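Note that chain A is present in both complexes that follow, paired respectively with chain B and with chain C.
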Partner chain A sequence: DGVKDKEHKQSFDTSLLEFLVCPLSKKPLRYDEKTNELINEELGISYPIIDGIPNLIPQDARMI
Partner chain B sequence: MAASIRSSCSRGFSVYWTFFFSGSKCRIPVVDVRESAWSAVSWRRYKSGSEERSTHFGFETVSEEEKAERVYQVFESVAQKYDVMNDAMSLGVHRLWKDALLHVMNPSPGTRLLDTAGGTGDISFRFLEYVRSQEARRAWRAAPSHQTPSWQQISASYQTGRLGTGDGALAVVCDINKQMLKVGRQRAVDLGFSTGLSWVVGNAEELPFDDDSFDIYSIAFGIRNVTHIEQALQEAHRVLKPGGRFLCLEFSRVSNPLLSRLYDTYSFQLIPVLGEVIAGDWKSYQYLVESIRRFPDQEEFKALIEDAGFYKVQFHNLTGGVVAIHSGFKL
Partner chain C sequence: LDNMNNVFIVRRAFSTSCMLCPWRRARKVVLSSGQLAHQSQGLVFKGCTNFKRWFSSRTANSMNIFDRNMKRRQKNWAAALQDGDKYHYLRDEVGSRVADRVFDIARTFPLALDIGCGASHIALHLNKETIEKLFLMDVTVNALKLKETEIPTYRVLADEEFLPFKENTFDLVVSSLSLHWINDLPGAFRQIHHVLKPDGVFIGAMVGGETLYELRCSLQLAELEREGGFAPHVSPYTAVTDLGNLLGQAGFNMLTVDIDDIQVYYPGMFEVLNDLQGMGESNCAWNRKPMLHRDTMLAAAAIYKEMYGSEDGSVPATFEILYMIGWKPHESQAKPAKRGSANMSFGDLGKIIQPPSKKQ
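The block that comes next holds the complex of A and B.
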């Protein structure tokens, strides 16, 4: 199962963080490797990264 | 103007350009009080948004919430067959339209592109190929007496890692639809694109990118489906670097009455049938045809782009106005 997971999971390209911002506050985001999420500390929300593709739709964000 | 475009193109394309392009117009907008007042009003209208407002979904009138949801469903349902359908509906001509967009864009190595509503990657793949061929041509010109490079030169280029990498050119594909991006990324793997491509799920009306980040913003057959076009244009303006260029490829109005009648018959009678036969989805393609008719014509859309703050806005008609390329600069 672990091997399958590794094949399937593509890693997030952190160079995107250079210009990726929260669509709501337009402030930079922090990449949390453990949860594989992009975090906006100020608003207390996190955006998921699925198969290496960050999802920055506010409606899909999670409160933390 | 037409002559200069033609001469700047490669020889092979000149015939094709004369065929597809029928004139271009350009006007530098004068920002007056009326205009800025208008955009302030439209902004407020957008912001005060909790109450239900209506918009159009094809020829139907629906609430704004519902439009976004239904557009999402359309593209979720057609994602797998999207590329096949584009070929079938346009008889392959959509490829020429997209090639034409790239020739207007004429990106150089190091360009950073935001391919909004880029879904299955058509524009970004063309962009990377274009930049790489530009670079190859440049390297060939620079090579002494146009010889093939020596093994020393090849090994040197490998060491600096600059062999066909597009010299840092980057295309960021941003689409609101996860399904479309998934299909796009699989295509990228199949076509062998590995560097210079990023995929982001995001809304064109609320772009998740910093101000002044991109050299080019492109949106091909996407802006028609956005709920608030003015908002998307303002976001485009925000994320572009000063001097950056806005480029939009979208269906427009056919002015020739004969061609127009032919086009109407074709799109209303045939396209939904093709949609049903190939993708098993009549309604999505019915929406497609109707949404094309609801979209503002060349001049109206040009005015919208100018209202968003772009300068030197111009458009080129392709195939008699079935499709138009709009372009503007952030200064």
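The block that comes next holds the complex of A and C.
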């Protein structure tokens, strides 16, 4: 389980934002540190980040 | 079945249907009185020998063959297996062959993307001298966490049908054995083209053509015999002849498409099925049958062994791997000469003895 603990501490690398866009609108995303989510303001949806890995699967997005 | 003659007729009829690719709306489900009709009126087989074919009107966005959520669950399950490594043989092999093709290009790629990386099967065969940074992308978080590679990587959970990357981002996009579960393959190619930089290259491998034809035929024959009809258990694959056109339509140029047959020998049909499940390659077509009778399975296993088995009792499973290489156009790339710019007639070809460069 030692490996898992290490992964939990991983935080989101904000330099990724340079490359990532919303998979639906292809527009840039904003990182929200409080909720640890990637937000698309235009569509009003947010994508979760788990263990530092952004989840950009449209089905997993949350409506804000 | 009464005689071998029958068997071959059936095989021929099906090999025609196997050639159908997903975007031609291949859905064969109706099973009644020896007639097999496509849901989308694409094809009707009457009996075994005479079949008629109607071309259905093709409309955009009508392709929805695979249950993507189901596929994700299957892949997640497979990646979470304790002994999952033992099912990686095919992906490792194809991954290394894709990596070979990457090494063929004498370049260093500052930023690359692996679509449907699984347990980093390609990345493990690459090195950080060739790829400086790599994005690993898959639909299952379990797979993303499996292996560490020497290349600095970013991991992103995303769907192959919805790439979450900016335009003109990558110098190289690779993909190994994940594109065959995509509903909208032309769209996926367009998106890959979109995220590539000009003069960027896409190197992909997918199963296609006659992959698993032994399994397909055995199951179909067994089901016909035991249940009087059959449902598709092996998904429709892309034909190699369509692949070049698809890539061309998506905007790629300087295309290379080639096929590799990989035959794997198994003790029997059940081992084939078990391994496919372990690879996360179970059927996920929307019109899949929820269950297969044990009786039919046993019959299929017997047919498999009878028709394809080798002398030592093992049975082969064929995987036809289609490799594709396509470049995003850039002005620095080689182009055909302008029309009419030739200064020699083709009729004079026979008269040329020396190479043309010396003549000038």
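The rule we apply is simple: the second predicted complex is superposed on the first by the 57 of 64 C-alpha atoms of A that agree within 3 Å, B and C clash if a C-alpha of one lies under 4 Å from a C-alpha of the other, contacts with A are read in each partner's own complex, and residues count from 1 in each chain.
By definition in this document, a residue touches a chain if its C-beta (ideal position, glycine included) is under 8 Å from a C-beta of that chain, and two chains touch if they have at least 3 such contacts.
Bear in mind the structure is a predicted one, so any value in this text is a computation, not a measurement.
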Partner chain in contact with A:D13 - chain B first, chain C second, else both or neither: both
Partner chain in contact with A:V21 - chain B first, chain C second, else both or neither: both
Touching partner for A:D32 - first (chain B), second (chain C), both, neither: neither
Touching partner for A:I53 - first (chain B), second (chain C), both, neither: both
Which superposed partner A:E41 touches (first chain B, second chain C, both, neither): neither
Doubly contacted residues of chain A, that is, touched by chain B and again by chain C: 13, 16, 19-24, 26, 28, 50-58
Parts of chain B lying in touch with chain A, wherever the complex brings them together: 172, 176, 178, 181-182, 185, 198-203, 206-211, 213
Parts of chain C lying in touch with chain A, wherever the complex brings them together: 69, 111, 135, 139, 141, 144-145, 154-159, 162-167, 169
Complex contacts: residues of chain A adjacent to chain B: 13, 16, 19-24, 26, 28, 50-58, 60
Chain C contact footprint on chain A (complex, rising order): 7, 13, 16, 18-24, 26, 28, 50-59
